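One chain, chain A, appears in both complexes that follow, with chain B as partner in the first and chain C in the second.
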Partner chain A sequence: MGSGNPAMRVARLALLLLIACAAQADAAEYMNLRGGKFASVLPADAKNADVVVAPFRLRTVPVTNAEFLAFVQAHPQWRRDRVAQVFAESRYLSQWADADTLGTNARPDQPVTQVSWFAARAYCQSENARLPFWNEWEFAAAADATHADARSDPTWRAGILAWYAQPNQPLAVIGGAANFYGVRDLHNLVWEWVDDFNALLVASDSRDQNDPDRLKFCGAGALAMRDLDHYAVLMRIAMLSSLKAANTTANLGFRCAKDGTGDNR
Partner chain B sequence: MKSTFMKLALAASIAIIFGSPAVAATASDTATTQQGTNAAKGSQYGDFGPPQGDPIHAVLTSPPQVPPPIHRDKPAKVIVELEVIEKDMPISEGVSYRFWTFGGTVPGSFIRVRQGDTVEFHLKNNPNNKMPHNIDLHGVTGPGGGAASSSTAPGHESQFTFKALNQGIFIYHCATAPVGMHIANGMYGLFLVEPPEGMPAVDHEYYVMQGDFYTTGKYREKGAQPFDMEKAIAEQPTYVVFNGREGSLTGDNALTAKTDQTVRMFIGNGGPNLVSSFHIIGEIFDRVQSEGGTLAQENVQTTLVPSGGAAIVQFHTEVPGSYVLVDHSIFRAFNKGALGILKVDGPENKAIYSGKEVDSVYLGDRPNPNPNAATQAAHAASTGKLTLEDQIKAGKELFTGTCSICHQANGEGLPGVFPPLAKSSFIAADPKKSIEILLHGLTGKVTVNGQEYNSTMPPMIQINDDDAANILTYVLNSWGNPGGYVQAAEVAKVRAAPPAK
Partner chain C sequence: MKISASLRIAPALLALTFAAGAVAADVTPHDAPSHDAALPGDSIYQIDVPLVDQDGHTLTLGERSGGPVVISMFYSTCPYMCPMIIDTIKRVDHALKANGRARLRVVMVSFDSANDTPPVLKASAVKHHVDFKRWTFARAEPDGVRSIAAALDIQYRALPDGSFNHSGVLTLLDAQGRIVARTEKLGEVDPEFLKAVVAQTQPSQGPKPAH
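So, the complex of A and B:
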């Protein structure tokens, strides 16, 4: 499903109309991240080049059930009983007791899951924000508590990897330890939508005509990845690559981002 | 990036091997000559036209069961529905592991179709799962073996359709990045494409699949054991098991057959790393389709099953008893779990295998064998004419065969390791105690001639009373020991008594 196909364009247009008048108090906390040259596992030229991440601001924690509930109350077109099917599949917000009640299976301070990309995007616009791009998310998630880029630390990597071997439920609440940038819960809580999730499969340089299916099957991923030891990141990409924009899963949430000034850190 | 280029080149050459009609035709011509059937022909001959009749839902079975044979003479549309389930299961007694499974078992459900069938494949990813998954069936002709069309997020379902053009036994596995981890967590199974004429009838068909597993804890360390990526990369598995857990095919779970039956086993190897040297102790495979291919090898002892490959083995049972399935890379069998049992019931067949007929002493090669001395002594003992000289002569011969290996021919032993018998303070203190030591062994600290020894002498229960008496008499009368003799009756008495603590 490419971002350029007609169905998607229609959907995006409709989405813009739906959220045109969205306005909500901007209470969530965002951190400034300087950005810069960054060794993404998906190199800029599909070989070895660093990507350049522009300064941006990132929400410190994922959006919670309570926050998303407030959003659907303000924007009832995103209630699960009213949302258009092209924007969210049937499992959308199904962990909630009702269309406007969290109930016992969804704690207010748990990250909201079972949200589609469309819904996540609409929410972020209500915070005058957007979804982060993959490289922004990856940039922020490379940090541990004391280093901007901790990815070469095998202990830290093993700790992240361990989350993937744990049972799915129940979901923890937000508020994990802050990383180098003051951002929390990038690891060990939920998968997170990124704005360009469906571009991860496409060769980033059209000149070398890489196989656009390269991440979809055995061995293919190994051809395009720069650092094959970043299994946790690999799994993120594999997860995002398996999704369509209307999909939701029990472990998939999101946080928002904004363009930044880079005047901090 | 050189490695990228090499992998691409490799992929291209694989594509040539599988894709080239010329190569396929050569292989199939040979097969046709051997088998006199079109069944062996390759993918270009495997299309028997559009599916006929109503769609059929495939019967899926959990290991070690195999779905029933297909008795159909026309291609059909076969619907396969397979669900991916991530769940905790035991990998060994008291050890649990978080498996990722096709159909809730490791290996995954067995799928059986007929060559030429059109398979409509539904891959479902359970909503409670955390990971995306897909499936790469080695029996599919098409990019990624279906994986490119089946990447599926939790709570979703993918569908793709393929025609099973090549017959044989094929692996399927998950190919979502990181592929190695998905396979290491148990995501593999077998996919059988029967020849159009079916397979010869047998009494039993079984499904056995080997896999290697990597846990942070040691082998049999109790509790929930997480996956260890470092060990997986180093290819140093904690467990190598059949059918997903140690003990899956032993005890009450053992495979069964009767004597005078034919058994066919589909043996797969999911890996992710190790190649299996599959062997059944006490059986010879009458027929092996190694690598799952069409041509059969006959009279095979051990067959190599590659990681990501499979074989069909067949044999006939003659003698009752337990037959042990092993990976004959044998430490894996006894120290990592790769062990299963086939229990064969039925009447004994002594003409083919007698069971144990003789259990007698074998003394090994003696430096200066004097076959007569011990025999003469035994004869003398039976007639009551045994002299001290006879005993010493026989004892010397016997001592040279067994005892001298440790205590040395001159009775000096090895300082600090094996105590001396020569001028031994220990023997002098209580000569008769040596009978007990010979029969029951001796473990722990002893002080001999002022030096402490701390080692183990195993019980020498295989030495009979006469021989033991002669050996001890020889020792008592040699190397400055106090002399005297030991009688066979004394040995018998000690032997009957429980070992002193």
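So, the complex of A and C:
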């Protein structure tokens, strides 16, 4: 096999480069989640049915300021001084010192916030990923450290709710405790975009209403939700459904997801 | 023999490496914003979603406009609300004078990527007796549908039985794809919306209709 053969060395180097390229595009860590039948607070049929979550992979931590900075450097059309208004409002990345400088108000390991849905989506595409769907986020966020679904545990619920009760806390850095799936920071750090943020509060039945006023009400959003004790999750839904795709807020970040194989857990 | 083979493989691998690099840098996902500098920053035509119309032709959102557009979303098997959306746009259309009407285009984008194939879209359009010279019924991939709905501030979700819950919104775009008016009033003409359509379709606005 002549390992000294220059052609073979070039070939091997090329192969290594290829692997390195592929690895770089996937640098962020993702966990496999098996999905399955899940009692979402938003029933699949807007009445009572469980949703079926397909196997998926979820980023272990939200995207950070440092990671988003690298993204806008590679994709300058997403710099805050160049982005088209249709994709992001004027507050986009306004916590940064400059269009390509984090500065003192934005730590590299804090989750990036003040990002629009369009920008979050574009970032995830750069990671060969997508935003998670609401049911995927909800599925992963139902777990505590040792149970896949801890939602019936009142102590756990109270612990999560406590975070929402203290608004305007300074944004912490990523790296909270891992949950059952090895995913971190789903609670107690930042609100997160989902791909179908504009699917959450659609009326339960928009079909048999002929009265224009009722149709309008229907568009504004009435929805059959179950498990109304689950305030923390309902607050997320209420917040997400109040947003437009170009909006940004100081507490709203995102993580990415991918379709999965269902190998693990 | 071995050497010549590896010599041939090496450039191939190198080419592959560079191709992979180029692909990684060049990946333009379906709804990746195009950031077209020729368009205003607030134009929804910045959203680069490939559509397919009722005749199977591929087009982009702004491609066929050249003037004001009323855009809305629907799906073909929708029993009540979508026919009402289409009927409301037809009422707006009929309320215009002939020369204004000739300048208006209508784009209906389907929520139902799985079922609304071009022949199904065509059948829908025929059923509603629309003017094919000015109306486009179109489909996109699910990712692109989500983007268009997001830009138009339309909410929708798929239900397990194949139907959709969705809000009903008519949006008026100017010749450059900027949102100039929006209404959720269905079943009758919203006078404010009509006023905006009349203003946009006046001869002084935008290019003259082609003959």
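One rule holds in what follows: the second predicted complex is superposed on the first by the 219 of 265 C-alpha atoms of A that agree within 3 Å, B and C clash if a C-alpha of one lies under 4 Å from a C-alpha of the other, contacts with A are read in each partner's own complex, and residues count from 1 in each chain.
Just so we're on the same page, a residue touches a chain if its C-beta (ideal position, glycine included) is under 8 Å from a C-beta of that chain, and two chains touch if they have at least 3 such contacts.
Keep in mind that this is a model prediction, so the values were computed, not measured.
In the overlay built on the shared chain, the residue A:99 is in contact with neither chain B nor chain C. Within the superposed three-chain model, A:166 lies in touch with chain B and out of touch with chain C [touch as defined at top]. Within the superposed three-chain model, A:158 lies in touch with chain B and out of touch with chain C [touch as defined at top].
Ranked by how many residues of chain A each touches, chain B and chain C are led by C.
Contacts of A:39 after superposition on the shared chain: neither chain B nor chain C is touched.
Of the two partner chains, neither chain B nor chain C is touched by A:148. In the overlay built on the shared chain, the residue A:86 is in contact with chain C alone; chain B does not reach it. By the touch criterion stated above, A:241 is placed in contact with chain B and with chain C alike. Touch criterion not met for A:54: it reaches neither chain B nor chain C.
Shared interface residues of chain A, touching chain B in one complex and chain C in the other, are 215-216, 218-221, 241. Against chain A, in their complex, chain B makes its touches with residues 1, 4, 7-8, 11, 86, 88, 98, 127-132, 134, 136, 143-145, 147-148, 151-156, 173, 175-179, 181, 226-227, 229-230. Considering their complex, residues 2, 5, 7-8, 10-11, 14-15, 17-18, 21-22, 25, 44-46, 49, 77, 82-87, 117-118, 121-122, 125-126, 128, 130, 195-210, 212, 215-216, 218-221, 241, 244-245 of chain A touch chain C.
Partner chain B is touched in their complex by these residues of chain A: 47-48, 91, 154, 158, 161-162, 164-169, 213, 215-223, 225, 231, 234-235, 237-239, 241-243, 247-252. Across the complex, chain C meets chain A through its residues 2-3, 6-7, 9-10, 13-14, 16-17, 20-21, 24, 27, 29, 31-33, 35, 39, 41-44, 46-47, 78-81, 84, 143, 146-147, 149-151, 153-157, 159-161, 163, 165-169, 184-188.
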